[in-house]
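For reference, the structures are reproduced in the following blocks.
Presented sequentially are two complexes of chain A, the first with chain B as partner and the second with chain C.
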Partner chain A sequence: MAATLGAQPRQQRTWLRAPKFLLAIPSFVWYVFLFVVPVCLVIVNSFGRKVTGSPGKVDLSSPSLDRYHEVVSGSFASLLKQTMFTSILGTVLCLLISLPVAYLLAFKVGPKAKTAVLALLMVPFFANFLLRTLAWRIVLQPRGFVSNFLQSGHWFTFGQALRSGPIQILDTRTAVQIAIVYNYLPLMIFPLWVALDRVELHLREASKDLGANRIRTFLQVTLPLAGPGIVAGLILVFVPLSGDYVTAALLGGAKGNMIGAEVANQYFKAQDAASGSAIAVSLIISILLVLGVLATCFWFISKLLKANRAVAVVAR
Partner chain B sequence: MKKYFSITNALGAWAAVVIAFLFTPILFLVAMSFNEFKSIFKWTGFSTVWWSRMLDNTTLTSSVKVSIEVAVISTLLALVLGTLAGLTLARKPGKWTAGFVGVILLILVTPEIVDGAGQLSWFVRLGGPFREGLLPIVLVHTVFSSAVVTLIVRARVSGLDARLEEAAADLFATPTRAFWQITLPLVMPAVLSGGMLAFTLSLDNVVSTSFVSPAGVTTFPNYVFGLSGGIIRPEVAAMATLFIGATLMAVAIVALVLRRGGQSGSEIAATFTGN
Partner chain C sequence: MNHSDDTTRILISKQAAQRVAATINRRRFLALGGGAAALAALAACGSSSSSNTNASQNSGGTEPKKFAKNLNMFTWAEYDDPDLLKSWGNISLTIFNSNEEAIQKLVQGGGSSGFDMVVPTGVYIPQLAKAGMLAELDKTRIPNFSNLDPAYANQTWDPGNKYSVCKNWGTTGWIYDTTIVKTEIKTWADFIKVAQTEASGKTSVIDTPPNLAGIYFWANGIDWTTEKTEDLDACAKFMVNEFAQHIKAFDSYPGVNLTTGSYALSQVWNGDARQGLLSVKEAKDDPSRYKWGIGTPVTELWMDNWCILKSAKNVDAAYDFINFILDPANSVKDLNFHGYNTGIKGVDALAADIDFKDMVFFDDAQVATMRSGAVNSAQEKIVKIYSDVKAKAGG
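And now, the complex of A and B:
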């Protein structure tokens, strides 16, 4: 007994001597070295000038905002706008398509069916990103599955208009939009499902008992409670989506380009790391702007829902 | 009376459509690996010839080898870093926690293209070993995946009773022994799912890999990315099928192990997808 009492304070003292976060230090150093420094370098490089002949190097002897002038005045600005539009539309489509599936998983199926559906959804989630994107080229090509299906006899009225020639979906914005929704759909379904799943059943039942119908319960009880999870899902889809250029490069051709591809072009083809950095920073600023607008919208919506709820309570 | 239309049925039908949508391209890719013609874009007939020719394409096989080596090394690194950081976050919280979690969240929401661009500039400045071999690719892969592992491990440890470790200390276990015999086995499910996520994240990575890859070193996805725009032979589809199949097999095995350990299907799905 005495030994235990003696050992205890000594152990505590060893812990006190080392900083609390001792074991997190390797990670911290890792992140500073491989994330913080590189991202800061992108910001610094965006004020520099290209060094001919060595990709990745930037001349910082006379820092200026010239690269940003080029971004704002050149074709990049419209490409950036187009990218934001594609990303917002893609995120909204992902949300609308995912919500019913997540709702079904969270509230409407038993544990066995739930496990089965989740297992099915795991397959595209874990199938290699690049390979499943490339596979869309097979599906969407002229004379491919979608084109032939739309032109087949089942679509009598529709078909006439579409039958003039092979349908060109590949290498257009439409193809990029379809594949983007496809690629980020699993990333949206799972967070939404988890967010809804954590809403307790008895809160929804209480709402029903108090006379709210399905839609009202969803809008005023389920949605606000799942709100933070849904917002997290939106951010985790929107941000990587707007920086994604692989999907656009594989399926968009010349027409479906996204701004990320321009960053890569500047680095590898033009060998201009300064312009590439400026475009990358502009991308981050655009993302933050959109997120800012989104935050304002959510604030407004939650105010609105709360106001409605207050009226309902008073009426009762 | 039987109800033919109900909300549940409608939702179920929608889910079926969504699942069909998600499976369509994958099934097409698998089917095209059995194509007779020399391109995956035109079906002429059934043949397994490309499956046997797959191994003769040495560029293809060596890219797959690079992918697997990078994935294994970066997963191990991410597991060590992430497990230590996750444990520390959960058990020794303090003023430092907010800053550390802040960095992790920034890593999760920074577009990969920004990371990749910065990492390339940084590695060019550093030079030497950072511009050759597998090292640069391994390093950039560990950043995102160790952040994911950290969050998963932290969530698991927060749900554990700290008194279990205290009991071990009361029973004369040294901190090291308590870690190996009590904490680690309890955290194992999180380490296992975190490791699997780290592995697939590494295999999935294209963007930062394409930035930092030294000349002559290519991963499988980046090799295929380089082919796009031209003709892609069915042997690539065959390798892709094998690649996807092996990944799914690994996922299924880890899921089964976790199921044996008493987790429900929902819990496993939530952890696997990083929620």
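And now, the complex of A and C:
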């Protein structure tokens, strides 16, 4: 055994070993050509202007910030603001709903129940995203079963207000908000669950042994340790949500429109790639701004939690 | 030692542990990656095998008159009777919502869009032809072309039917729910007034730029092909500031939403309105609850057309299909499905007993009020109005 191993010349093996970055090449190529290059093109195009009569072409002979000026001054600014509001509210709702679910999954349910709950969370993914969103049209339509049930009278007194007429939720911002939370919820639950699951039981036990109550343990041990997972969940939900336009296109009507639809609109209807690019870049900037604010908030919160620690950790 | 535990335990130094852990992780990554690659390969096999069958069917047509009845068509929604298409052969439909969108997608895809046929509205044909997208038609391969009423051939936007053959034509009006809208709508001005009052927030408009701007022009006695700056500015001002906030949805096919009760008032194409009323009837509801009206004092006249793309792979099949659909017996089936006049000689006699016939065929007085649109220098502004109205409605 030892002899055969020794027979292999060590020098040659090192030479044969592939460089470490080799495995990264496929994803590197993929990202550069299908992400970095197109995004750069979009950024470049946003400084040009539309060529009348030839759809999709951009005139870059006199680059200017005119398209951005149009975005800021036109009706797009308010639409962008609305989109950001919808996305932030949607992300916060996702977090508030997911946190208890992930907590239960990680700490409170047995292994069998855990598998069952995880399976139930996965089941909706067997149906296509578009189909799941379209299904909300059936649920929310004014003459749909929910509306009919609410009006039928077999309902509690607090349904009185709803009974006055068919529910008018479809084709509004509310419909988009409901469906968006529904569509992105699993993207929040899974990272949160994984993060909480990693918080080892003995750390929480130690916290209790040292005299912290449940709330204190949650705030000062569990939550900080799960912090990276929460951040991942927030980003995973917020970023695609801001650019989502399928949900808005299917359920939003005129009122629930989102900025992503306007990008598509500029490219496909207005045949104006320059304006479409400028709106897209504005969206990216808005997302980065919100994420920047979020990062500052987290930094502040972690400072606050550390400052309120009952036990000081002294480094030796 | 507990051998049933399949965790590998290794006693090594700290530095070595890092290397070993990295190697194990890399192996696991490769194993996972291999699994994913296998899945991808499987998926690729699935799609390639289906395209292979298509290719073999196509290449089977080495003899001159033999070809596979396969077509990829780029067209509007709810526009072709699926049973009729099936009786001809295998047609896969891809849907667009507006001519602008169709042109953008075709031009951007270059010759590689993969479509054989497209169904654009007449006034957009010059733009498509100029972009080199359309094939010139060989009329000797369409013997049934003679069945078409001459009134619907040789249009100004395609003299001599060089690129296109009429599929059908239609017009624009409105449909409203009389249980909500009590005012009778007689003109486009009434339409605007009701949309701003009784049906505010419950009104849908057709999701194309010219139709949206058209509402203002038709209501105010302005030619909707106007290129005058003051007309366009007035339209923009009114639609953005006084109309946008009342719109519930931009929906080119409100007919299918009739049974769901989504809108109280809709701007609608005649065929779609008819399809909506038919579905109300099918749901055992009372269609008389809804009132259809053709736009007055003037309204739109549009004609959609069969065109073969220059990049078409199934050219023989495309000619065969156009010839098939121009046969009066097939044309009437198609008409009964989409509810638009196909312009075939004698099709009105064949369609004598269809439901809501008055929504398909119009008398001379009505036809006299219909105006053809145009793609001209105003197009950019019309699209801008549409974009601004959309942004305003959502913002």
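Methods note: the second predicted complex is superposed on the first by the 271 of 316 C-alpha atoms of A that agree within 3 Å, B and C clash if a C-alpha of one lies under 4 Å from a C-alpha of the other, contacts with A are read in each partner's own complex, and residues count from 1 in each chain.
Methods note: a contact is a pair of C-beta atoms (placed from the backbone, for glycine too) under 8 Å apart; a residue touches a chain by one contact, two chains touch by 3 or more.
Bear in mind the structure is a predicted one, so any value in this text is a computation, not a measurement.
With both complexes superposed, B is the one of chain B and chain C in contact with more chain A residues. By the touch criterion defined above, A:V92 reaches neither chain B nor chain C. With both structures placed on the common chain, the touch criterion links A:V36 to chain B but leaves chain C unconnected.
In the superposed model, A:A212 makes contact with neither chain B nor chain C. Of the two partner chains, chain B is the only one touched by A:S242; chain C is not. Of the two partner chains placed by the overlay, only chain C lies in contact with A:G74; chain B stays clear of it. Touch criterion met: A:A135 reaches chain B, while chain C stays clear of it. Once chain A of one complex is fitted onto chain A of the other, the partner contacts of A:L283 are limited to chain B, with no touch recorded for chain C.
In the superposed model, A:Y267 makes contact with both chain B and chain C. Residues 23, 54-56, 137, 141, 144, 267 of chain A touch chain B in one complex and chain C in the other. Looking at the complex, you find that chain B touches chain A at residues 7-8, 11-12, 14-15, 18-19, 21-26, 28-29, 32, 40-41, 80-82, 84-85, 87-89, 92, 94, 96, 100, 103-104, 106-115, 117-125, 139-140, 142-143, 146-147, 150, 169-170, 172, 175, 200, 203-204, 206-207, 210-211, 221, 224-225, 228, 232, 240, 243-244, 247-248, 251, 255, 264-266, 269-270, 272-275.
Across the complex, chain C meets chain A through its residues 26, 29, 98, 100-101, 103-105, 107-108, 127, 131, 201-202, 204, 209, 240, 244, 247-251, 259-262, 380, 383-384, 386-388, 390-395.
Those residues of chain A lying in contact with chain C across their complex are 23, 50, 52-56, 74-79, 81-82, 137, 141-144, 166, 168, 170-171, 252-258, 261-262, 265-272. Residues of chain A that touch chain B in their complex: 4, 7-8, 11, 14-15, 20-24, 26-28, 30-31, 34-42, 45, 54-58, 97-98, 100-101, 103-105, 108-109, 111, 114-115, 117-139, 141, 144-145, 182, 185-186, 189-191, 194, 197, 214, 235-236, 239-240, 242-246, 249-250, 260, 263-264, 267, 273, 276-277, 280, 283-284, 287.
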